[in-house]
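Have a look at this one.
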Amino acid sequence: MAGNTIGKMFKVTTWGESHGTAVGVVIDGCPPRLSLNSQTIQTMLDRRRPGSSMASTQRREKDRAMILSGVFNGLTTGTPIMIMVENTDADSKAYEPHAAVFRPGHGDYTYQAKYGIRDWRGGGRASARETVGRVAAGAVAKTVLDRQNVRVAAYTIELGGIPATRRNLDVIEQNMFCCPDLDAAELMKKRVKEIKEQGDSIGGIVEILVSKVPKGLGEPVFDKLDAELAKALMSIGAVKGVEIGAGFRSSKLLGSENNDPITPQGFRTNNAGGILAGISNGEDIIMRVAVKPIPSIAIEQETVDHEGQARSISVKGRHDIAAIPRINIVCEAMVSIVLADHLLRQKAIQY
Amino acid sequence: MAGNTIGKMFKVTTWGESHGTAVGVVIDGCPPRLSLNSQTIQTMLDRRRPGSSMASTQRREKDRAMILSGVFNGLTTGTPIMIMVENTDADSKAYEPHAAVFRPGHGDYTYQAKYGIRDWRGGGRASARETVGRVAAGAVAKTVLDRQNVRVAAYTIELGGIPATRRNLDVIEQNMFCCPDLDAAELMKKRVKEIKEQGDSIGGIVEILVSKVPKGLGEPVFDKLDAELAKALMSIGAVKGVEIGAGFRSSKLLGSENNDPITPQGFRTNNAGGILAGISNGEDIIMRVAVKPIPSIAIEQETVDHEGQARSISVKGRHDIAAIPRINIVCEAMVSIVLADHLLRQKAIQY
Amino acid sequence: MAGNTIGKMFKVTTWGESHGTAVGVVIDGCPPRLSLNSQTIQTMLDRRRPGSSMASTQRREKDRAMILSGVFNGLTTGTPIMIMVENTDADSKAYEPHAAVFRPGHGDYTYQAKYGIRDWRGGGRASARETVGRVAAGAVAKTVLDRQNVRVAAYTIELGGIPATRRNLDVIEQNMFCCPDLDAAELMKKRVKEIKEQGDSIGGIVEILVSKVPKGLGEPVFDKLDAELAKALMSIGAVKGVEIGAGFRSSKLLGSENNDPITPQGFRTNNAGGILAGISNGEDIIMRVAVKPIPSIAIEQETVDHEGQARSISVKGRHDIAAIPRINIVCEAMVSIVLADHLLRQKAIQY
Amino acid sequence: MAGNTIGKMFKVTTWGESHGTAVGVVIDGCPPRLSLNSQTIQTMLDRRRPGSSMASTQRREKDRAMILSGVFNGLTTGTPIMIMVENTDADSKAYEPHAAVFRPGHGDYTYQAKYGIRDWRGGGRASARETVGRVAAGAVAKTVLDRQNVRVAAYTIELGGIPATRRNLDVIEQNMFCCPDLDAAELMKKRVKEIKEQGDSIGGIVEILVSKVPKGLGEPVFDKLDAELAKALMSIGAVKGVEIGAGFRSSKLLGSENNDPITPQGFRTNNAGGILAGISNGEDIIMRVAVKPIPSIAIEQETVDHEGQARSISVKGRHDIAAIPRINIVCEAMVSIVLADHLLRQKAIQY
């Protein structure tokens, strides 16, 4: 119970169901006197909006961010910031046939097992729509990071098995997959088209890069920066794996290969991914997350209903083919939230 | 600051430095009337003790667990359980030459950057010795899990690039690498010998299997069970990646392959790794962590000292060649702690 | 920072400013499958509404409770419950003259000192209007308490120096001061009229009675039930003192007088006020809070402005003469919230 | 469950039972590079030691503070500080007759009701001996406060019904009751002698004064400074009431009397007790707590045993006649802990 808050000094609590009245977030602990208006939030929300990419759902929400508290004359006041987005285009009809049937790969089964009740409309609380609150909070977190010039970027490095072989961050916004490799993006486009026709779905890998990170962030031994980032990223619906720096590859390296030599000019390599012993070392933080394929597919699947009877299901509705690239901005938001929290926690050290 | 506690209802706080007087842990929130004595703790501690494997440090600690509070007449009382292990065999001399030099791959650099001071003896707080407290708490957590027959096992599935190709859990305790594949264990033995001679070190992959998990554990949307497990595992010093179920492999699957069909007899597959939408579904929980090679190596490495001057370092002392298999029991402990916490949190649902 | 949440398992976070768009609350951790609708909330909110008593402000808000999440088909789902009330009758004009002047006895001075900015409209976050969120959460908490038949009542036992000499709880709702003594209520009425004419204000004492409390609630040694209740009550704007059972009077008693003898039929007396060593003993919990006079008075007062220049101020606007009786329902709400939290926390014991 | 920690940035967790092996505390979040040694702790512990006053128990513990972690070369390192005191003079024999009998006014009854088990030796966890950990943590907190010259003092203003009529803080250490009025102290001495002969006990009132408090401490709306102080003080065993500034007296004042006028030179009065709207205003913080008489008395009392059978009890053993003055240092410690926590939390504002 009571697991809807993340952060200790920069505390983010999301609320809302997919087809309820609205979704939103309360941010408690944002420093006062930062410039903030609904446009800041809107810009970031627009990047996660359905329909902004070929791989995305057809649901069209205006997703208008409303700041209902915590801001006065365009400045934060240090009091809780509540941001809300109304659910204007929710169409629960498509979900009615599945009201008593568990969609494979979704939270239907486990929510029912845990709570003995679930809002089946659009996936209820387990819907990706909940991430609206995360992204709004991420926009506020970025305002906090901006003061120290910390930059967070998330981009697609693999989709449907097609890897990006370049890391040209300049082209991320030039293709619908937020891919740093335009050639790969072309192949991804074809792949998505193919999969769509098959009524199937795909996953991929997102990389998150944080630059200009101050040294010293992270609170060992449990609230280490990488541990907190891993939790934040793993709390995103479709994420099934998280790694930092050389990650799983480091398990195959020798100590002499994996250690990053230190020189008077800084670290010579960055296999650590910017974090040593749970504390940022001033290098770029680099993480990757494995994103599973969207579980809603048109292809028939075996399942059971609330009575445990065998059923077959084909999930039609308006669904994405891949969580990527919409999930990228959510990754970016979660990483920003954790960093903002740790920037504030680190202030206590400087007592 | 203040990051040394994990858990909300089953709260674990470790304290102590590698070469300080002692290391230990306070466990607050353990249910009353559970059988507990120092032998329970000792048995688990013995499994992480240095010198129990060929890959391990020569440091010989008796590691005698003392329970100083919270237990009366062999039963827990519901009050904080403090468990302490004295540091009897600490030899700080070997560390003196490096008192003002940052060992690559260790927390020396970041602790100094964060706190402006560090206990350089044996790595201080960043030493693997801190995990004594984790393992002791893990033994208490297992006592909690026992009441519901939940079982946690961790074993080596890759070491120095050599993979286990079988999962025969019966043989784990029959080889010094806790490997479920005796043939692979033989190859690992050779690999370790080789690396030792080179003065280098290796990493690997540990798999954690939880069986008989009740359905319904995990608290969306941030304290999801997989998110909390990821944090707990990533908070272990050498871990650089965490994945659940099909993990990174799921990013390459189609939705129709990755979804686990549900039948009246249960889930047909377990790509989810036992957790759906952050809540346990009753299947085995399966996770894997990437363990980096031990950073302390005899081979010369580039580094700098506190004044930023270039230095070269060869870390001799008594060091493991691999964190595996000693880290396995730490993984087991952390997973047990998270599960105990969530078993207790879940009680509130059953209000 | 980040102090707007109370509770660990039943977590309540309020947000909103007096003259912002809305005020509200997120409740995270409410058990699933409890009946809840906006009318439940509304009934409790109506009891704190301005204008319901002679001592109250003239501000007329409809205070319409909207439940925006966490409830499906009239039942709680175990997900966060967001309740919002719009600020429809806010008139900031009256506050403009004091935008840069600190009203004595209010939070103007300290909010400015702390945050370097404040929403001066209607007292901003420090306004009693914030308690709308508390009362809404209190209504949800009462739904939790109902399942165990726990009852919470708050009533006026002193106003403007006039004490109630009876405790007839049946008449509380029959007089505008929520006083359990109708004769005292008559005298209070005259006192209020008098004070109003003088442009001054008064305080008083509220007693809170909790009956049918299960034994065993409270988590020593810091989250003792009385400690948590004291915090919750002291967090209410006008409260300057809190006592339990014999309270300050117990400091003058002998041990032989103050101890409550235990008999096979139960406790013979209740000087402890229902809590021993921080844990409920099954007797009624009885607490009292000292409520200071409303700081907004028409009488001229000395103060300074943002530049530190001497100023004189007469606060006109639409203000209550006394926080009582509107504060009573807030006390009732806070006590209910703490009890709901501890009812849920206590479930973990019953593991 | 899990209620043995207080503080968010300066986190204090006590552990230990009266007649267990030891009692102690973990302090997580103490800033690095503060001077700290066991003598600092010892000096404060000596002030709470049994036998230091006529009203005190005959139990003689050396109470030797041992710092087992978190300090290196006389400086804090930013890692958890564990401080332990062994129980060397525990004599459980005196408690054996009451092993299955509930002592009135003690936690025996409620601990049994809550946990279904209790360490009856010396009161177990509910013993005042637990405050050793609080006082040790208070000494560390004072080291934090020192850096900003914040001063905390606690003194007796009433004992057994005898009030101090002066506030001469210079004489506090000159009398065994820590009373700021030497004449009253003389009368208290007689009173204690009298009561001792009767086999009874007495209570009193302690006042806590904090001077040189920075403006801006406290985190509305729930973690207000006065709310957190109230909780911390009410969590002390014998405390039954807490008030701040004019406290209960403010409930009888007019607004025009109670408001503290503000002048260019500061506040003209201090009825608020240094806190407005939950935030320190720079004036002295003044609080008072009601201390109940010690429940252990030689006089026969009615009670029941574990089977609910009527019993009579006369508690002999080595007991204080009054919790005052030993409780004063505990009050001082708790207030220091809360202030240290809020000094660190306030740093985040200054982001």
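Things worth noting here:
Letters A, B, C and D mark the chains in the order given here, with residues in each chain numbered from 1 onward.
Note that in this section contacts are C-beta pairs under 8 Å (C-beta built on N, C-alpha and C of every residue); 3 or more make two chains touch, one makes a residue touch a chain.
Keep in mind the model is a prediction, meaning the values are calculated, not measured.
Residue contact pairs shared with B-C exceed half only for one pair among A-D, B-D or C-D, and that pair is A-D. Between the chain pairs A-D and A-C, more C-beta pairs are in contact across A-C. Between chain A and chain C, the centres computed from C-alpha atoms are 38 Å apart. Rounded to whole angstrom, the centroid-to-centroid distance between chain A and chain B, based on C-alpha atoms, equals 26 Å. Distance between chain centres (mean CA atoms), chain A to chain D: 46 Å. Counting only residues that touch two or more partner chains, chain B has 1-5, 8-9, 14, 29, 31-32, 78-79, 114-115, 125, 220, 344-345, 348-349. Listed in rising order, the residues of chain C touching chain D in the complex are 1-6, 8, 14, 102, 104-107, 109-111, 113-115, 125-126, 130, 158, 160-161, 195, 200-205, 215-224, 226-235, 237, 240-264, 268, 271-273, 275-282, 290-297, 299, 301-304, 308-310, 345-346, 348-349. Here chain A touches chain C in the complex through residues 1-5, 7-11, 13-17, 20-24, 26, 28-29, 31-33, 66, 68-70, 72, 75, 77-82, 84, 114-119, 124-125, 344, going by the rule given at the top. Those residues of chain D whose C-beta lies close enough to touch chain A in the complex are 8-9, 29, 31-32, 78-79, 144, 147, 220, 343-345, 347-351.
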